[in-house]
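See the structures that follow.
In what comes next, chain A is part of two complexes: it sits with chain B in the first one and with chain C in the second one.
And then the complex of A and B:
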């Protein structure tokens, strides 16, 4: 019990640090950029539960993220629901979608599963584009609620994002170290052998797709309040698909630390590039770094560290 | 007479228009050393894929320990005690040899994890003769060690029926003897064993009873001595 408490304590310390940082009011851009980086910590961590632990590569991250975002838009539009409701509802809708693609794994493995998730993203985007109530293809402005508990709304969202990132990482870490994580690793290595060694592979895969989907949806739920204008092209942006995959790959997919390292490094680099060079540099940077890692260090930064330590 | 441990009744398996198993019936008694032979493509591996649940069947029933298991998913059959090895070893490549055994210990062996699981795994590795390699990844193992890992991992699932699918193919004759010794020892511990093998010397020495498959049908059954004299078997292997 004692040992289980330590990561929780660390998580609380991180959240507290986030709140303190929000209180000191440094340059507002820091919070703005910080939100994006933290959002990517959640996305990369969530993606890795399915892609890293279970080995099912999901190219449909935008679909899950946008499900969270558009569930929020719908709830804001229809009942001006408060942020906590948006987070939970966005997560649940994306979790349902996750459960759905979980059943796809019955028939689709490897690259075929990935193609299906990519197609899913395209299909959902088309549907949203034709749904006028949430703005259709023109998009929709969202008014932020007045009077956040402290500071500006973006500083408030920053602290929320710190909290979400901590929760996502704790969930991933828990899964990784439990019997679930060991079962997922077995089915990633060899699904048939895992099943024949008593691992209920279908149930574990459904668990992974659902939890991963839930966290991706949660990451997307604050999006309307963050950007205040939601349209399909930004909610279903290719950036999410590429980053969600690149960040864990660069950090290392076998441990919860990997996606965090990848998201912080790559997310920060992208934010810096956006300010100093141009916003178009974002995906270019990811592309170059990803290719370099896949060729030179396929096990990511964690793998490099392990190799340097001589293990 | 005690009911058989495994009872396969009229098993049919088709792949599209091709009938791989055409009404195969056989039964295996508890504690028996049972051999399953037949020429290439006769349906041996398909049969054990059906018995272990990896492939759904198109007809017939499979009963294990008096219970119908025809529709059960593989992991539940494993938990009941039917454990198989793979013809081409399928180790968990990201794990050490010891961790490989941890998976069935945790999942098939009714929640035995942690330190106790580790000692169990250590014991199994010692019996199989793989304890020196416990902390290596499968990539660092030789062919025979890989086969031994398959067997060790199957042992960790606590089988009552062990199905060994060509555990000796490609091994040298001393290595074959090595594996045979292990299988004899497991059988002496009370584990029923079905051996699928091409190496006649091994299967004839090991089996108490043999069933011969040819083109998806059962063509003979008997003791090794009866099988070698059976004209139908000779025809299946050598032609007219």
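And then the complex of A and C:
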């Protein structure tokens, strides 16, 4: 039990540090940027549960993210639901979508699965664009609720995001260390062989897609509150798909540390590039870094570190 | 309906490259739509600088695109295929490539819509009864049909074409026959990308193009390729016409914003129900 307690403790310390940081009140933009980076920690970690552990490349990250965001918009519109409800509801809706995608893996593997997820994202975007209640294609602005529990609303959101990131990483770490992670690794390397050895591949895949979907939805749920304006093109942005892929690839996909390293490095670099150069340039950098890493360092930063240590 | 048929011919033109690269070579080149858009911009530049007809410049650029495709394939081969890890990382590689091209284009040309006007774009044939065929759609359709025929003949009649068919079936046997599979694949990849040049030139004369138009075409191209049965050239044409007709029906009855969902919906259905496609082996 003590061994399981250590990561939990570390997680609590990180949350506490986040709260302290939120108290310090530096430039509010820093908190906003921090939110974005933390959001990417959640996204990258969630993507990696399916993509890194199970080897199913999901191009439909924006679909799950936007499901979370739009569930939140719907609940805010209809009943002004509080943030915790938004998080859970957004997560659950995206988890359902994940479960559906999981059943698709019965017929579709490899490339076909990836293209199907991309297709799913576009179909959902079209549906949202034609749904006037949540803003349609014009989008809609969302009012932040007055009186956050503490601090200003941005610092409050920042703390929430710290908490979400910690939860996501703990979940990923738990999966990786348990028999589930080993089963997923087995089916990543050879699905038929794993099935023959008695690994319950379908159940594992359904589990991975559902958990991954849930976390992506949770990452999307606070989105309406910190951008305060939601429109389909930003919620379904392809940036999320590329980043969700690039971050674990850069960090290293086989361990929970990889996506965190990738998200922090790439997320921070992007925030800096957006401020100092231009937002298009920052996407360009992501693309180049992604291609450079898959060509030159397929194991990511973790792989590089391991190779250096090995010598 | 007629518009849909014509649209189908044009869709065949843009999908042939995917059909060749993805269908026959089994390389998941999802960057293909970005190459098509690159072709559109090449045609745009040639037209605004020298007043070239888009189809002429599309043809002129095919050698350039061929070389480009060959280079991309070599990089892909050296870094993924030879190591035997093509599926996952190769996919990510092409996705990154798509993104780089899209962003480079928007850095170079901005995000304004671009459209080419030619002498024939505004003319049309009147069939009577209010039904007319716009040259804007007719010309790309004819070119698309010509490309389909050319590729069909190339694959069936020429040495390299047959070698490409062979490499998709049995690499080892081809190697035993004394041909180099990698060289053949390089050529096939180049031809596929070269087709994108012409497809792109057609695209910009049909509809306005922005750098992110490639996203709309990912679904269309792969839907057509999969529906047509992975690498079957005739199947590609049939599937392209089916998609063209259903898209134009959809946009007539439900509004144009739904037409995009058709291709992806079709793709999802085909993948879920019959992954081998209509003319699959």
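As a convention for this text, the second predicted complex is superposed on the first by the 310 of 311 C-alpha atoms of A that agree within 3 Å, B and C clash if a C-alpha of one lies under 4 Å from a C-alpha of the other, contacts with A are read in each partner's own complex, and residues count from 1 in each chain.
Everything that follows uses one rule, which is that a residue touches a chain if its C-beta (ideal position, glycine included) is under 8 Å from a C-beta of that chain, and two chains touch if they have at least 3 such contacts.
Note that the structure is a prediction, hence the values are computed from the model and not measured.
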Joint occupancy of chain A by chain B and chain C, clash or fit: fit
First (chain B), second (chain C), both or neither touched by A:104: second
Which of chain B and chain C A:130 touches, first, second, both or neither: second
Chain B versus chain C as contact partner of A:185, first or second or both or neither: first
Chain B versus chain C as contact partner of A:286, first or second or both or neither: second
Partner chain(s) touched by A:116 [first = chain B, second = chain C, both, neither]: second
Chain A residues touched - chain C or chain B, whichever exceeds: C
Chain B versus chain C as contact partner of A:202, first or second or both or neither: first
Touched partner set for A:249, first chain B, second chain C, both or neither: second
Lowest C-alpha to C-alpha distance for chain C against chain B (Å): 10
Touch list for chain C against partner chain A, complex: 22, 28, 30, 75, 79, 85, 87-89, 91-93, 95-97, 99-100, 103-104, 106-107, 212, 215, 218-219, 222-223, 226, 257-258, 260-261, 264-265, 267-268, 271-272, 275
Residue numbers on chain A that touch chain B, as the complex places them: 179, 182-183, 185-186, 188-190, 192-202, 254
Residues of chain A that touch chain C when the two form their complex: 55, 57, 59, 104, 107-108, 110-112, 114-116, 118-120, 122-123, 126-127, 129-130, 137, 238, 241-242, 245-246, 249, 280-281, 283-284, 286-288, 290-291, 294-296, 298
Chain B - residues contacting chain A, complex: 52, 54, 73-75, 78-79, 83-84, 86, 90-95, 99, 102-104, 106-109, 113, 153, 157
